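See structure below.
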Amino acid sequence: MSDQAILLFSCPDQRGIVADVAGFIAGIGGNILDSSQHNDIETGTFFMRVEWDLSGLTIAHDQIEPRFQKIAERYNMDAQVHFRPRRPRVAVFVSKQLHCLYDLVLRMRQGEIEADICAVISNHAAAQEVTDAFGLPFYHVEVSDQNRADAEARQQAILEETGAEVVVLARYMQILSDGFVDRWHRKAINIHHSFLPAFVGAKPYHQAFTRGVKIIGATSHYVTAELDQGPIIEQDITRISHRDQVADLVRKGRNLERLVLQQAVKLHVEHRVLIFGNKTIVF
Amino acid sequence: MSDQAILLFSCPDQRGIVADVAGFIAGIGGNILDSSQHNDIETGTFFMRVEWDLSGLTIAHDQIEPRFQKIAERYNMDAQVHFRPRRPRVAVFVSKQLHCLYDLVLRMRQGEIEADICAVISNHAAAQEVTDAFGLPFYHVEVSDQNRADAEARQQAILEETGAEVVVLARYMQILSDGFVDRWHRKAINIHHSFLPAFVGAKPYHQAFTRGVKIIGATSHYVTAELDQGPIIEQDITRISHRDQVADLVRKGRNLERLVLQQAVKLHVEHRVLIFGNKTIVF
Amino acid sequence: MSDQAILLFSCPDQRGIVADVAGFIAGIGGNILDSSQHNDIETGTFFMRVEWDLSGLTIAHDQIEPRFQKIAERYNMDAQVHFRPRRPRVAVFVSKQLHCLYDLVLRMRQGEIEADICAVISNHAAAQEVTDAFGLPFYHVEVSDQNRADAEARQQAILEETGAEVVVLARYMQILSDGFVDRWHRKAINIHHSFLPAFVGAKPYHQAFTRGVKIIGATSHYVTAELDQGPIIEQDITRISHRDQVADLVRKGRNLERLVLQQAVKLHVEHRVLIFGNKTIVF
Amino acid sequence: MSDQAILLFSCPDQRGIVADVAGFIAGIGGNILDSSQHNDIETGTFFMRVEWDLSGLTIAHDQIEPRFQKIAERYNMDAQVHFRPRRPRVAVFVSKQLHCLYDLVLRMRQGEIEADICAVISNHAAAQEVTDAFGLPFYHVEVSDQNRADAEARQQAILEETGAEVVVLARYMQILSDGFVDRWHRKAINIHHSFLPAFVGAKPYHQAFTRGVKIIGATSHYVTAELDQGPIIEQDITRISHRDQVADLVRKGRNLERLVLQQAVKLHVEHRVLIFGNKTIVF
């Protein structure tokens, strides 16, 4: 893969934005490979993601952002520039269920997700079988009602030491404090094993079984202070029938959880997700 | 299609039920074409649907139920016997949105659903375009807060006069009284334009838009006194994105509503649905 | 809906295209509402669709194309400009199966597809029930091995008289001549009742049944001289099982055919499809 | 899980089969947990699968088959009896692509598939990373045009030594001889990375890309002498667009291959598949 830049921004909508952005990229020798935009009609907000080739660039990479600053200010943009190839460092939190962790590990190893796992953090010892098999750093941080604050301080220290840029809660069954959530605002991704907003909270497969639904789902979202209420990145579903007991829902749901979480992580590390209010724009 | 009988029952599970039922059918010259059963493990309840050919029957049709009575009593069954071919009479309630009504009419005309529409009842005049085009009886019953009881009495009278056996609420936007719901218990089917239990009540597409879900759904269920809480017969979903405004959700949702409602009606008139508590067993 | 223009083009890829196109639109007072582009890497071809608001336009509508000519020439573009709202005139060819015709009629009436049916042409009388019910012009053109050329001349005359811009073969079971196909190149859409390229030709549901597939499909494509080989616009599938006989596949396939054909027609009349070689780019 | 038996059979259809089978099971103290049947109308063949609880059995396990023999002969049945819990021994053949192997290993470890891997056989060394990580027996058998017969003899010897009951070709890119295929008739399962019968043979993703399809698929089938023509067990699909290059199809196809192959293996080891001609009945 040749060197590429990704420009992501949002700003109040007005005439000429696309022309100016495209003119800027052409002016410094970039060639647009892919671009997507979106207008939020209610609020008059414009969103754009541009992926461009850097092979003909006539300025240094680190000059791109300063040069773009003029346009960003003119349109009052909230803008980010990212470069590829580059593999973000991902910390995975996990409890006893390991299927999502295994799935992420294998996809990163096989090049399906361009990221690396810098830490696996768990309140149980079970995940060590995964980290041992694949040579990944494992951190066992026990969590109880008594030591919750200390445990979180330890977790935060691990994230800092290992240079984590993204936190993935891969069926991590502990509640995180508001302070922790704030610190990882827009950088922490959770998988909830239901089709949100149905079946918020504990034991969603039991809830689904009791309600007698004919379809179950899984939802990946950014973590916010309010449980299961953050901006949704990805959802998927599978069909069930009266034959399926709770144990069958759990088994069928695993496929969903794996697919939905990995897709959300992939979209995030490829800088395809913009958060707007409590919703996402996924380019 | 040759003459067929459908036997549907539920009873406490015990050894020998299938043997006795199959023995009974073979004994009177029937030949089993299709059979499905289900055990509810928690409550120890057994459910079965058997479809059998009547061409070699050695007794009269109307002797089947009396003869079966002995087995039904032995196992304490809640049993029904139906015959095919036979087209149940369906009354469709509709407001301004006509897509579900059109869909049901066309499917019945084209033989996809083995039933006939005996009445289209609406609180608006709009549906008359459908009934005129297809020569169906139309009943305009205006409903307001003032005349609700009278209107319902009129609706009930129409249902009786036209010999309705099933009531289908095909995007009918009025609440029905508990008395009416009771009278049509297990015989009234509604389509709700969300993936229940998400987005109960009014304007589910607006609710879905606000929450930022990535998938929308539709749910068909039996009508019960509690709004949108009845036993679910069928659900389906479609994928949406940030590009979709409320109007797009409404448009995409129509396909779902049509498909889900017609499927539920089809399953019901083919005697494939057993209600158990607040859930359905769909054979 | 306010007035809008849609610009669709393809050209050899090079730096600056997006900047120049966006600059042009901003320069004449347009505001981009939606834009999509695509690079075909193998051939170095660039494709773009831009939808823009005309409410602030500083030139006359009919001046847009002449003014754009300069850019089109600079980049050697194959470009088209369309305006909305505008309802293209669609001629529907049909044989005995009427479900796709019904579906198109209803969607156009209910505003889901922004187009009008100018003629229903059939080699059977059956479709008259649809056209009578909805007040559409019906043309019965009998086709046999003896009169094929004459029949096609008659069909072509009807298309010209009624001002047809698009031809939709909605389960039309006659082969059209190469001459006819050429005349309607890129303007004639067919529905084939299989998941192409599987089960080309006659009786695809029988072929699917014989092969024992677990999923059936439908495919909508532009008509070309070679049977079932044209550029694919849309496909969809549904799951089947060993229980399904050919008649069940036919019934289940109808839902697919309806959905897939209407989606292709909708995409086409919204100018979202670009043909490139034997493939489509669907924006 | 309590002890269970599974009875699978096919025979010419006639009155009384279900009654006699159900009577037999009740007579020896079994209790039917689940049963499915199917009539093939064209050939008049009846198929049945019954799963029953053995906890109240009044005879020894090994007396079930001899006792059932009388009924089997009366109806001219092709019958099998299996017991659960029991984990069949599975040999997995693999080349360089490891995602299907990983998936099977993890599902067996996590209890989603009730089977064990007795051997991983590969013509490449790559798979050793998987077998080392999970402590599985790895057999590297190089295959070339020169040594094909010897290699197959070695593979067959390994299968015998390790007690393999099922052979799974998990993206194994070598052709097997007719002799080998015959020996593993109805016991060898392949994953083909297309929606069969579309794109038979080599490089199906390239074929799909060239044809411009909008949906890709994967198919799991029993291996027969004719390439990609065996009885289909399971298929699934995913949607693609013009944006997807061959590499994207490969990546998206991996999810399909994993899901489809594991589902076929799961169905097979749970004795849910009956082969009939070149089709499967999946209960």
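Chains here go by letter, A, B, C and D, matching the order in which they are written, and residues are numbered from 1 within each.
Everything below uses one rule, namely that a contact is a pair of C-beta atoms (placed from the backbone, for glycine too) under 8 Å apart; a residue touches a chain by one contact, two chains touch by 3 or more.
Because the structure is a prediction, the values reported are computed rather than measured.
J.: C-D versus B-C: which has more C-beta pairs touching?
T.: Pair with more contacting C-beta pairs, B-C versus C-D: C-D.
J.: Using C-alpha centres only, name the chain that sits farthest from subunit B.
T.: When every chain centre is compared against subunit B, the largest gap points to A.
J.: Whole-Å distance, subunit C centre to subunit D centre, using C-alpha means?
T.: The computed centroid separation for subunit C versus subunit D comes out at 41 Å.
J.: Could you give the separation in Å between the centres of subunit B and subunit C, each centre being the mean of its C-alpha atoms?
T.: One centre to the other, that is 36 Å.
J.: Where in subunit A do residues touch two or more of the other chains?
T.: Correct list: 34, 243.
J.: Taking the touch rule as given, give the residues of subunit D at its contact with subunit B in the complex, in rising order.
T.: 13-16, 18-19, 22-23, 25-26, 29-37, 39, 56
J.: Note which residues of subunit C are touching subunit B in the complex, please.
T.: Against subunit B, subunit C makes touches at 34, 98-99, 102, 106, 110, 112, 133-134, 243, 251, 254-255, 259.
J.: Considering only the defined contacts, which subunit B positions touch subunit A in the complex?
T.: 38, 41, 195-199, 211-215, 217, 231-237, 241-243, 245, 277-282
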